[in-house]
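In this document, chain identifiers A, B and C correspond to the written order of the chains, with residue numbering beginning at 1 in each.
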Amino acid sequence: MSDQPGTLERAVEATLFAAEEPMSVEALAAHLGGLEPAEVREALSVLQSHYIARGIHLVERGGRWHFETAPDLAHLLRREKEQVRRLSRAATEVLAIIAYHEPVSRAEIESIRGVQTSAGTLDVLMEAGWVRPAGRREVPGRPVIYATTPDFLDHFGLESRRDLPGIDELRAAGLLDPVDEAMEAAMGGMGRFDPDDDADDATDADEDDGEDEGFALP
Amino acid sequence: MSDQPGTLERAVEATLFAAEEPMSVEALAAHLGGLEPAEVREALSVLQSHYIARGIHLVERGGRWHFETAPDLAHLLRREKEQVRRLSRAATEVLAIIAYHEPVSRAEIESIRGVQTSAGTLDVLMEAGWVRPAGRREVPGRPVIYATTPDFLDHFGLESRRDLPGIDELRAAGLLDPVDEAMEAAMGGMGRFDPDDDADDATDADEDDGEDEGFALP
Amino acid sequence: MFPPESARADSDALYLALDGWEGPLDLLLDLARRQKVDLRQISILALVDQYLGYIERAGALKLELAADYLVMAAWLAYLKSALLLPKEEQEDPSPEELALRLQLRLQRLGAMREAAARLMGRDRIGRDVFLRGAPEGLRTDRKTVWRSDMFALIQAYGQVKARTAPRIYHVANRPVMTLDSALERVSAMLGVTLEWMEIRDFLPPHASPELKRSALASSFVAALELAKRGTAELDQEGTFAPLRIRRLKAGAAA
C-alpha cells in the first residue's frame, strides 16, 4: 500500500479511537500537545477519506469528531436489545419542533402542535441530552426557550443543524414562520385567494363529494 | 487502489470496533450469521495487515481479537499536563537546611528553622525529586533522615554539595544580615517578600499556612 | 366520504386510535392527510365534515371525548356555517381567513410531523451506527513541576541562619545624666543656700531637651535620696505644682 499514514494522522486516529467522547479540533490540538488547529483539520480530512470505504467511518457532528460504524452495516450490529430510547410521538414531535425552530418557548411549541405539552415530554428530551434550556425570551413573562445540544446532532448523525432533513425547503416554503406571519403574507396576496379557484377542481372532485369549497394558497 | 476492503472485512472491522469485549474467531463467525471460521480468519488477517502501519492495531490476545492503540502511541492515552510552580518560601528553607546539613531528621530541621514544618513541605520536596529519605537516625524514636538527590544538584546547577556557598560567603554576601530580616518583617508577610517570587503567591500562601508567621523577633 | 366497507373499519380505527391523537389538531391533520392531496389544496369544508362525522360516531359509540375535541367540533361547525353564508353578512375576520389560518396551522404541524419522521429515520447512534464498544479513554494527569533557583536557596538558608543566630543587643549612646552625677550636682548646689529652690533650677541650662529630661529624672531621684539621708527637704504645694527643695540645717529632724 502506498498510503503510509503520517505521524499526525496516526496520532489523531489513535486519539479519536481511544476517546470516550467526540472531540473538537481544538480539543484534539490541545491533547496532541498544542498543535495548530489547521494541522489537525488537515489530518482529520485525510483520515476521513481513508475511512470512507471501510467498515468504520470518521464523522463530524456539531463540530466534534468521532469514529462510528458504517451505516450500511447496521443490520450486522443491531443487538438483540435495542439500545436506543424509544420516544413517544409527542416527544418526537416536540424534538423536531425544537430542532427546526430553535430556540423556541413552550408556548410556541404548543401553538404549533395545538395541544398542551406535558412536563414529562421536555424532561425526557433533556434527560436524553438532546435538548437544553437556552435562556429566556425577552417578552412579557420571560418564557424559557429551548434549543438542541451537540449530543442531539451526534445522535442523529447531523454535521450541523443545516443538515436537518428538508430544513431548507421548509424555510423556503415559509413553514418555519409563525402562522401570523404566514397569514399576513397570504392576506397581502388576497387577490389570488379565491375559494372557487378552478385550478383545484379536478383534484378536489376526486376526493370530495361535490360540495367543493376547497381553497388553496397559490 | 487494490485496498478497497471486502464486505466481510468491513463487517469484521465494524463488529470488532463496536464490540465491548475482544471476540474469538468463532464468536465473530456466529455473530456475522454463521460464517466459516476460516473465512473470518482470513478477513482478520487482511485487516491486521491493513492496520499494521496505522494509529490503531488489530491484535489477538489469548485467541480473541480486538482493536487497540498502537503501542508507540500509548503515551497519547495518558497525557501529562505539566504545571510549573515556584517552590514556596517554607519549602525552600527546608530544602536549604537539608542541603546544608544532610542527612537531617525533621526534628532537626525544625530546630534549625525555629518553626514547625508541615508534613506537606517535605512531600513537595520529595515530589519535586530533590529530597529523599535516607534511612533512620539510630537514636530513640529512630526518626527518618532526609538528604538531597542528584536531581537536586542538577536543578540548582551544582557539581556537588561542596559547591554550596559556605557561611562566611553568605555573610560576605549580606545574606546573614539580620537587618534584612527585620526589614522584611517590618514590611509584613514574611512569606511573600521574595523578589523572585513572581506568580506563585497563592502557592506560597497555601504552603506556608501561617508557618512562617510563627516567629518574630524575640 | 369513504367507501362503506372502510367506514366501518375507520370508526374502529377511531376508537382504537383516540389515545394516539395528540389533540384535535392532530386528528384534523390525520383526516386532512386522507384527502390525499397537498395540504395547500385541502378542502376545509370536506375536512370539517369529516371531523364532525368522526365526533358524531364517537358520540354514538359513547366514547369519552376530551373537551378540546368537542370545542374544536363546535368551532368547526361555526366555521362551516360561516363559510356557507352569503359573503356580505360576514364579520371580521372573515371565515375564509379563519379557514386559511386553520390550513396554515395544519401545514405547519404536518411539516413538523414529517420532519420528525425523517429525523427518526436517520442513522442513529446505538441503532444504526455504533461507537467504539470499549474505548481505552483519554486521561490527562496533572503533574506539578517545581522550580527554584540557587539564589532562592542560599537566601533562604541565610535567612534561617540569621533568624536563629544568637543575638547581641546594642543600645545606642544617648545623652543621659547618671544618678551619681545628679546627686553630686544637687548636693553641691544645695550647699550654696538655705532658701527653697525649684528642682528645675538644678538642670544644666544649655542642655539638649533629651539631656534635660534625663537630668530632671536623675535630679528628682537624687533629691529623694538626699531627703532620705536627711540632708534636704522637699515641698510641693499641689499635684503638678513646682517641686521645691532646700537644705536641712545640720541636726534638724527630718
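Note that in this section contacts are C-beta pairs under 8 Å (C-beta built on N, C-alpha and C of every residue); 3 or more make two chains touch, one makes a residue touch a chain.
As the structure is a prediction and not an experimental result, all values here were calculated from the model.
Trainee: Which chain maximises the distance between its CA centroid and that of chain A?
Mentor: Greatest centre separation from chain A goes to chain B.
Trainee: Which chain is in the middle, if each chain's centre is the mean of its C-alpha atoms?
Mentor: If one averages C-alpha positions chain by chain, the most central is C.
Trainee: Could you state the distance in Å from the CA-based centre of chain A to that of chain C?
Mentor: Chain centres of chain A and chain C, defined by C-alpha means, are spaced 36 Å apart.
Trainee: Could you put a whole-Å number on the gap between the CA centroids of chain A and chain B?
Mentor: Spacing between the chain centres: roughly 45 Å.
Trainee: Counting only residues that touch at least two other chains, what does the list for chain A look like?
Mentor: 15, 17-18, 31, 67, 69-70, 77
Trainee: Which residues belonging to chain C are in contact with no fewer than two other chains?
Mentor: Only 130-132, 136-138, 140 qualify.
Trainee: For chain A, which residues are in contact with chain B within the complex?
Mentor: Listed in rising order, the residues of chain A that touch chain B are 1, 4-5, 9-15, 17-18, 31-32, 53-56, 67, 69-70, 73, 76-77.
Trainee: Going by the contact rule at the top, pick out the chain C residues touching chain B in the complex.
Mentor: 130-134, 136-165, 167
Trainee: So in the complex, the part of chain B that touches chain C is made up of which residues?
Mentor: 14, 17-21, 66-69, 76-87, 89, 92-93, 95-97, 99-100, 112-114, 124, 127-128, 130, 155-158, 164-165, 167, 170, 173, 175-178, 180-181, 184, 194, 196, 215, 218
Trainee: Inside the complex, what are the residues of chain C that reach chain A?
Mentor: Touch residues, chain C against chain A: 1, 20, 22-26, 35-37, 40-46, 49, 68, 83-84, 96-97, 99-101, 103-105, 107-109, 111-120, 122-132, 135-138, 140.
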